[in-house]
Amino acid sequence: MKFTLFARMTAEFVGTAFLLMAVVGSGIMGERLSGGNLAIALLANTLATGAALVALILTFGPVSGAHFNPAVSLADASRRGMPWRETPAYIIAQLLGAYTGVMSAHAMFSLPLVSASRHNRSGTAQWFSEFIATFGLLSVIWGCSRLRTSVVPFAVGAYITAAYWFTASTSFANPAVTLARAASDTFSGIRPADAPGFIAAQLIGAAAATALFSWLVPSLPAVARDVLVPHASESS
Amino acid sequence: MKFTLFARMTAEFVGTAFLLMAVVGSGIMGERLSGGNLAIALLANTLATGAALVALILTFGPVSGAHFNPAVSLADASRRGMPWRETPAYIIAQLLGAYTGVMSAHAMFSLPLVSASRHNRSGTAQWFSEFIATFGLLSVIWGCSRLRTSVVPFAVGAYITAAYWFTASTSFANPAVTLARAASDTFSGIRPADAPGFIAAQLIGAAAATALFSWLVPSLPAVARDVLVPHASESS
Amino acid sequence: MKFTLFARMTAEFVGTAFLLMAVVGSGIMGERLSGGNLAIALLANTLATGAALVALILTFGPVSGAHFNPAVSLADASRRGMPWRETPAYIIAQLLGAYTGVMSAHAMFSLPLVSASRHNRSGTAQWFSEFIATFGLLSVIWGCSRLRTSVVPFAVGAYITAAYWFTASTSFANPAVTLARAASDTFSGIRPADAPGFIAAQLIGAAAATALFSWLVPSLPAVARDVLVPHASESS
Amino acid sequence: MKFTLFARMTAEFVGTAFLLMAVVGSGIMGERLSGGNLAIALLANTLATGAALVALILTFGPVSGAHFNPAVSLADASRRGMPWRETPAYIIAQLLGAYTGVMSAHAMFSLPLVSASRHNRSGTAQWFSEFIATFGLLSVIWGCSRLRTSVVPFAVGAYITAAYWFTASTSFANPAVTLARAASDTFSGIRPADAPGFIAAQLIGAAAATALFSWLVPSLPAVARDVLVPHASESS
């Protein structure tokens, strides 16, 4: 089925908004209920984010590819999975969705709609964590979209569930998510000044994984096109 | 396979009863065992509800569509997935099942069969939470039932798992569940006086998601008919 | 593929042994590590049991049907899914496996191989819980094995995950498991004197669910035969 | 699709590295955040490891078979699933990946890249635990790869999730993982002196399960070849 660019942007907008609601909202709820035990708060945050990703990619994947992530859209375009001229529209929709999601989460929990985070997340170890997190995420996407397209939602949900715990940065792995979380002075926030370092590390990680899989599975883009961007036949 | 309306009502009744047992029973067990840590109680409540939804939709989906939710039945009817004249029967079966489930949960835990909840859940933030919760639930159902019918049970279970944590209301998202939980003065209850506000927000959320997907995926009802209401060929 | 009765008994023996290791072993580990918080111990116990069921039914299902449960074997025979004359062999293999699993769990945790449980589990509320638990389990098995055989492992794992929390008895739902847990004076044990009450409630629950689905889906046995007992063509 | 041995070694290297990052990294994060409650730390460790296995096997399975484990490669070669002459290359890639993963985890959490563990794990009960853990893992792999190849990632992830809790050793079940964890003085470490006992028990457990399934399902290797080593047609 073919979807207009506006329909696909709508899917990216709504899906990214729900992703941010899941990340930020469950962080607030987890912190409020856990009585100071950060591990329990992060368990709740992890469970909600991983499960939300499964549901959202299943829901919006057939429409827009369910990128919800500028790093994924850029990687996809670099392999000709989607045309470069559509990439800015995807990224704009993702950013608008991300901020809408953060504000909606704040509204649900009776907080100010926007508040600059004071959560310090910087330094080499954090940047290396984001490099690893995004390298892994793109590896999972490229590896699974080759032969087993129907498992992408489960693979991505499972990966992020794990990466929340095995990276020191709790695996943002997404520039739109990073920018929007800078506007939330809650459990899952990040200081605005720390966002550029995270985003740079994410983009380098995404590029590295894309390069690895371009070599490992050369025929990848043609197959991935059907998976990540089911509308590709429309624009080619 | 064709099922009589009475068989489908039975499936809705039994399935909704087990759904409420899962919600209310695990709330009681979680609160009893968690020693006052509400985050741990809610983790248990979440795990039980999400897993129960997966099992119950897999079990009863082929018979009745596994709505278990008046908002889903109304949305389905509005898109001609099921005939309007059967909708009241579905809703009656869901309500009877929901109250039966609450009473069964109370019996299992040696509590009075019915007790009016004193759990205050009201205010704009709570209503907005229920709007979001139900908007998301119907989005997941419409999005997944289009092309990937076999994943609906997993997508719905994953969505509710997430929504328990990312909405401030813990995502009731279901008028029958809301009314029945008003009859349980336990962890997962809701004051009877607060139920109408929840139900109104839920119905508006369901309508909004149905409108969105009617525009996003115009051909949706014909496909969804097979998924949500496998008996549709019988009644048309 | 056809398997001899001895091969199928071996599969039931090994699978039931691992099921009991999962139940009893994770109960011991959970209690030891959780510092007295029973909710956390039960979360660990739940996670291990649900996940083990998924893995074990996927592994042994194609050989023996992966009953691991006399109530399931009896229900299957009552619907002619397996011949009555093979049922005693299945039940013997399940019982031997269950006790072997309990003793293996004790050996792994450096405990006496057998010890009579002192965990009091009796009374109407507990028996009603076991009735509900087993009614639900057999409903899930019959409902899923009709049309969606490949989801049985996930549906059963999800159901038990939920039922651990929503029944007051933590959902034994299995006579072989009940008898073997009477030989374990640990977190998941049950006083030997309380086992008969549990088993009676389980068998009544299994019979009720089998009767319900015999009416709801009359053509069920012929389809279920392929799922639960893939060897049926051999013996008919 | 055919992959060169070097490409497959790369997949084993990257996949095993991420597996160790998941095991060791989530152990560090869990211990840091859980305020001394070991059960919560192990829950986080379990969730991350099980989810990582699902994602990694889905990602790298189509390339190398996603062994990530010398015991699996040896068992596979013993059944002619892969040629013996390729087995050393696989094991080398796994070992290099395992140490790279441990060092990466340490770098993400600002720890020294290598540190000998002081975590005592020895004695008969621990060795019996590792025998059981690996016997179960290989049973799951052989059982699932026979008829249901697409479920292997989920079955292995679910099995390890359970085995973390039901074995007293938290189920290493992998010689490469054991050796690498000896180089991490953190939550998930093992004293170098204790590694040989673990590895011996693991290899015996793997051999026992392989023997069992060779008898139980004689036609196994030919089928399994497609699953575990999709490149086999290349080398035969």
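Going in written order, the chains are labelled A, B, C and D, and every chain counts its residues from 1.
Just so it is clear, contacts are C-beta pairs under 8 Å (C-beta built on N, C-alpha and C of every residue); 3 or more make two chains touch, one makes a residue touch a chain.
Since this is a predicted model, take the numbers as computed values, not measurements.
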item: Number of steps on the shortest touching-chain route linking subunit B and subunit C; value: 1
item: Type of subunit A:subunit D copy interface by residue overlap (half), same or different; value: different
item: Distance-maximising chain from subunit C - centres being C-alpha averages; value: A
item: C-alpha-based rotation, subunit C on subunit D, 0 to 180 degrees, nearest 5; value: 90
item: Centroid spacing, where centroids are CA-atom means, of subunit A and subunit B in whole angstrom; value: 28
item: Rounded Å distance, subunit B centre to subunit D centre (Cα mean); value: 39
item: Where subunit B touches two or more other chains at once, by residue number; value: 37, 40, 43, 154
item: In the complex, subunit C residues that touch subunit B; value: 37-40, 42-43, 46, 50, 123, 125, 128-129, 132, 136, 139-140, 143-144, 146-148, 151, 154-159, 161-162, 164-169, 212, 216-217, 219
item: Contact footprint of subunit D on subunit C as seen in their complex; value: 1, 3, 7, 10-11, 14, 18, 21-22, 24-26, 29-30, 33-35, 37, 40-41, 43-45, 47-49, 51-52, 54-56, 58-60, 62-63, 104-105, 107-110, 150, 153-154, 157
